[in-house]
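For clarity, chains are labelled A, B and C in written order, and residue numbers in each chain start from 1.
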Amino acid sequence: MSWKHRHLLDIKSLDKSDILTVIETARQFKAVGERSIKKVPSLRGKTIVNLFVEPSTRTRISFELAAKRLTADIINFTASASSLQKGETLKDTAKTIEALNADIFIVRHNACGAPHFLSRFLDASVVNAGDGAHAHPTQALLDVFTMIDHLGDLEGKQVTILGDILYSRVARSNIWALKKLGAEVTLCGPPTLVPRIFEQWGCKVTYDVDKAIQDADIINLLRIQHERQRHAMFPGIGEYKTLFGLNKERFRHTRPEVLIMHPGPINRGVEIDSEVADCERSVIMEQVTNGLAVRMAVLFLVSGGQSSQIESSD
Amino acid sequence: MSWKHRHLLDIKSLDKSDILTVIETARQFKAVGERSIKKVPSLRGKTIVNLFVEPSTRTRISFELAAKRLTADIINFTASASSLQKGETLKDTAKTIEALNADIFIVRHNACGAPHFLSRFLDASVVNAGDGAHAHPTQALLDVFTMIDHLGDLEGKQVTILGDILYSRVARSNIWALKKLGAEVTLCGPPTLVPRIFEQWGCKVTYDVDKAIQDADIINLLRIQHERQRHAMFPGIGEYKTLFGLNKERFRHTRPEVLIMHPGPINRGVEIDSEVADCERSVIMEQVTNGLAVRMAVLFLVSGGQSSQIESSD
Amino acid sequence: MSWKHRHLLDIKSLDKSDILTVIETARQFKAVGERSIKKVPSLRGKTIVNLFVEPSTRTRISFELAAKRLTADIINFTASASSLQKGETLKDTAKTIEALNADIFIVRHNACGAPHFLSRFLDASVVNAGDGAHAHPTQALLDVFTMIDHLGDLEGKQVTILGDILYSRVARSNIWALKKLGAEVTLCGPPTLVPRIFEQWGCKVTYDVDKAIQDADIINLLRIQHERQRHAMFPGIGEYKTLFGLNKERFRHTRPEVLIMHPGPINRGVEIDSEVADCERSVIMEQVTNGLAVRMAVLFLVSGGQSSQIESSD
């Protein structure tokens, strides 16, 4: 269980044992969050930069708090206030920040591949916090951490991902992680948003939501993201809700032990009804808690930490 | 002098001894701000969130610095950059942040009652940093702390609050605190902004500014807030200044030992003239200093701290 | 080598030994940035405020990180979110922040003289982070630190500053620092942006770029700042590039050991070509690293620290 990666760019580059190392490390850091003093000195004196060229609050805060709980110094650098608007290239911006002796860049960018590009010339570590529709590896890691916490080994488990798959980096990273862990993945949503090409990734594709959810061990709902769909890819919110929304009636036909997951923020009454979001099978809030622990683990591991070295208190 | 509240939502819920406990605790924290090393480890490893759904700089900074001086980790979450704009409910936003093991929410919101609403389902503590025209309890606590510092017991003291009472959460919270401490409160301002209904709170209401200020031990001026008055409630700034502004001439007819207070930011030449704002009876800057100490005290007390336990250094 | 200044407002007020004290102190702090734990406790428990009334990311982050590496508490106060928009005066804003027991104000403002103005009535220290076209002293200090690091004593060295001199606080502060250290300064750029009046500062002024750069030990390129030139002061970017841009061909006629400097962010293909920006004579990234060290030194020195007292670890 040793970690060898300087960056975390996507799930594709990890093997099964890497994923399990992150989860094992995250489990230890999750315990830190339950203490009265929620802090360990593991990354004291390190400089971490949140380089967010696409707006985000939830993910940024999760990483910011992860860094603080590890006693690192963290700087927020967001594009709206940045030199990027003055015509500087992304490479120059990153090199400039690195010259401040930055140790880790947490990068969110609307262009696919931006974190990979930066990792090619930076000596610092790069952690992908979401790039275009490509990858969101910490989201996938927190999702499988949550699944394993409830179901144990995922080998052969039935996972249905429901919603806008085409534009979703969450879906792509989840598919990679789930396939590496041996789960069976079914994708479902409007045909315009769930192209058959995903069958080549080893997923089942179906447009029949009732069929997609009836045998699932886990249903992972994706947010309908209006902001990414410039050309309407489905008739409307109302129709989406009717055809694919996980409502009380549909939920009644799922397995009694099914886990309901969602990366948040949720649209109540659109992709999920409140009765489902708030029921005891929903682990949406656990995903948030696990996300912080996973991000602590990733920051720790890319810095060269080994999970056996986690100090027990500050 | 023991504190039993998990939240600070308004002054109404406090009794006199609670108010005095905050002031006594604040007095000790004020001394921390006068040291070379302005820091105590009282809340080390706690996570505090500034959840500001209405813009504010002064109050946010005061709380942020209070948290830092107590060695807590603080995260700023402001609505403009937040998921709130993506249609997430306030409850879901707060539950999500709480899932990051947040210990205290400092909440500012333009809707009256938002902090109360959150306190009903959060396990974390909620501190109201201003909700609509309803309450701003830390402002009232810093105001009475400042008054007591100068005048001792407020029993029977004459306090005049001058300005826009109707839309002012500062006024409402001050009235509650002053009545609990036994002071006599007179409200004065344009009739449209000082309705007679406040007499039912035990206040005197008058539209004669010269009468309102002549016997006052304390004059607390409120900011004329253009941004909250969509429909003009008074003819104009010029007329307000002439009819109610505390200018040099009016100030000459006040008691020689009167205290001049203002929650800031002040509009020089509107509700207060520079000669008055900067005179030796003005304690406006002391209010700011006391505000930081009061906020440290409140964060400490809602976390279960007792004033006898304040550690003397970091 | 002792420092006596409570503020750092401009280079004009410093003498040669002050400049050398900053550089010597910065050299020690630069070593902190190369350690695994990049932190010293020198300013623990101090409160530092970034008061930025003009947008900036790079300089703000450099100061913020400098404060954090010195273990100070730092608060960001930017004008866009501030009371300044509610009509409060700059003086009142600053006095209010100082009442939070602030120790150091780092001030950026679009009005020349704003930091000097604040220094007249604040008890806290004021560090100028750029005021209008007037001064940017930490930029000049990091520039001469970088020059001395490579060339040793600057006495008699030929420094060419190329670009928009008229509107540049960087140029003005550099000229002051370089003259105090005995360097020869040549200014070059379009006649509308490099008026002859600078000859009275002891500089050579020329409009012949090839002549200006051929004997230079150092070429310091300034950014073409569109945002400051409301009335076009030169025909256009294309013409500027042709007439004054440091391209490969022009660079071939410089001395082989010339240093290429730029305060950043650079406009590749405008004032500098990529071949030059990225060549081994370019020290642009070193300037960034040295800037952080210089800012740590300045914060330390204005707080009363002596360079002999820098603690070796946190």
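FYI, a residue touches a chain if its C-beta (ideal position, glycine included) is under 8 Å from a C-beta of that chain, and two chains touch if they have at least 3 such contacts.
From a predicted model like this one, the values you see are computed outputs, not experimental measurements.
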Query - Pairwise touch network: line, ring, star, complete, or other - result: complete
Query raised in the report: subunit B-subunit C contact: same residues or different, taking over half shared as same?
Result: different
**Report entry** Centre-to-centre distance between subunit C and subunit B (centres being mean Cα positions), rounded to whole Å
**Finding:** 40
Query raised in the report: Going by the touch rule set out above, which residues of subunit B reach two or more other chains?
Result: none
**Report entry** Of all residues in subunit A, those that touch subunit B in their complex
**Finding:** 33-39, 55, 57-58, 61-62, 64-65, 68-69, 227, 264-268, 285-286, 288-289, 292, 314
Query raised in the report: Once bound in the complex, which stretches of subunit A touch subunit C?
Result: 44-47, 73, 75, 77, 81-83, 86-89, 92-93, 95-97, 99-101
